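Which chain is which? They are A, B and C, in the order written, and residues in each are numbered from 1.
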Amino acid sequence: MENQIDGRALILACSAIGAGLAMIAGIGPGIGQGYAAGKGAEAVGRQPEAQSDVVRTMLLGAAVAETTGIYGLIVAIILLFANPLISTYMNLIG
Amino acid sequence: MENQIDGRALILACSAIGAGLAMIAGIGPGIGQGYAAGKGAEAVGRQPEAQSDVVRTMLLGAAVAETTGIYGLIVAIILLFANPLISTYMNLIG
Amino acid sequence: MENQIDGRALILACSAIGAGLAMIAGIGPGIGQGYAAGKGAEAVGRQPEAQSDVVRTMLLGAAVAETTGIYGLIVAIILLFANPLISTYMNLIG
């Protein structure tokens, strides 16, 4: 019986794909925060006396840019550790 | 009975893929908000006295840029936790 | 009866994938609005006295940039909640 592909296996298999796809969101924060880091370094090099203000602004902006990467991570973790789709299926097949 | 792939399993499995795909939208806000962070840091370095105005404008613009990432997250959460497609299917097969 | 994949299940399953793909459009507004936010912050830093004009222009432009993200969301919502493909299929098979 277990040596056949069943519905449960299909859902869990596609959840692995879905979790991987969700992580692609990380491209964005990686690029954006890297740009912010570069501009921050540039600004500090030009006005070293403003370093703390520049760094604070850079980190605040980078924290905002992180959010969509976190969303992707949360969706991946839900798919991996608390998969609601397989629960729905198990309820449906009784 | 459970050891076959049925329609419900297919819908739920593809919902996992759909949820993962929806999160890819997060690339955009990540890049955009990071750009805003970099330009904000640069502006603060140049005019530290305008820091509060700069940061306020940066955060306001970043909040607008976040919206499409939130749309993707909402669609993913709908697919995971309140899947209308499986409901439609269950109604169709009675 | 429920332990087979039928046409209705295939249509609804692919609709989940389609809804996820539609959300990828959100990449664009996220990048564009973030660019606007960055340029807005830069302009406010340079002429703080023009802040309200700068912010108004930034938000007007961002609203226009939002449209394609909204289009993607609308298509996803149609696929999820008012799927015309499954209706067409049900009419076709009578």
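Keep this in mind: a residue touches a chain if its C-beta (ideal position, glycine included) is under 8 Å from a C-beta of that chain, and two chains touch if they have at least 3 such contacts.
If you're wondering where the values come from, they're calculated on a predicted model, not measured in any experiment.
A.B. asks: Centre-to-centre on C-alpha atoms, which chain is most distant from subunit C?
C.D. replies: The most distant chain relative to subunit C turns out to be A.
A.B. asks: In terms of CA centres, which chain lies closest to the overall middle?
C.D. replies: Central chain: B.
A.B. asks: How many Å are there between the centre of subunit A and the centre of subunit B, using C-alpha atoms for each centre?
C.D. replies: 10
A.B. asks: How many angstrom lie between the CA centroids of subunit A and subunit C, rounded to a whole number?
C.D. replies: Centre-to-centre distance between subunit A and subunit C: 19 Å.
A.B. asks: Can you list the residues of subunit B that touch 2 or more other chains?
C.D. replies: Residue numbers touching two or more other chains: 1, 4-6, 8, 10, 13-15, 17-21, 24-40, 42, 44, 46, 54-55, 58, 62, 66, 69, 72, 76, 83, 86.
A.B. asks: Quick check on the complex: what are the subunit B residues that touch subunit C?
C.D. replies: Contact set of subunit B toward subunit C: 1, 4-8, 10-11, 13-15, 17-22, 24-40, 42-44, 46-47, 50, 53-55, 57-58, 60-62, 64-69, 71-72, 75-76, 78-79, 83-86, 88-89, 92-93.
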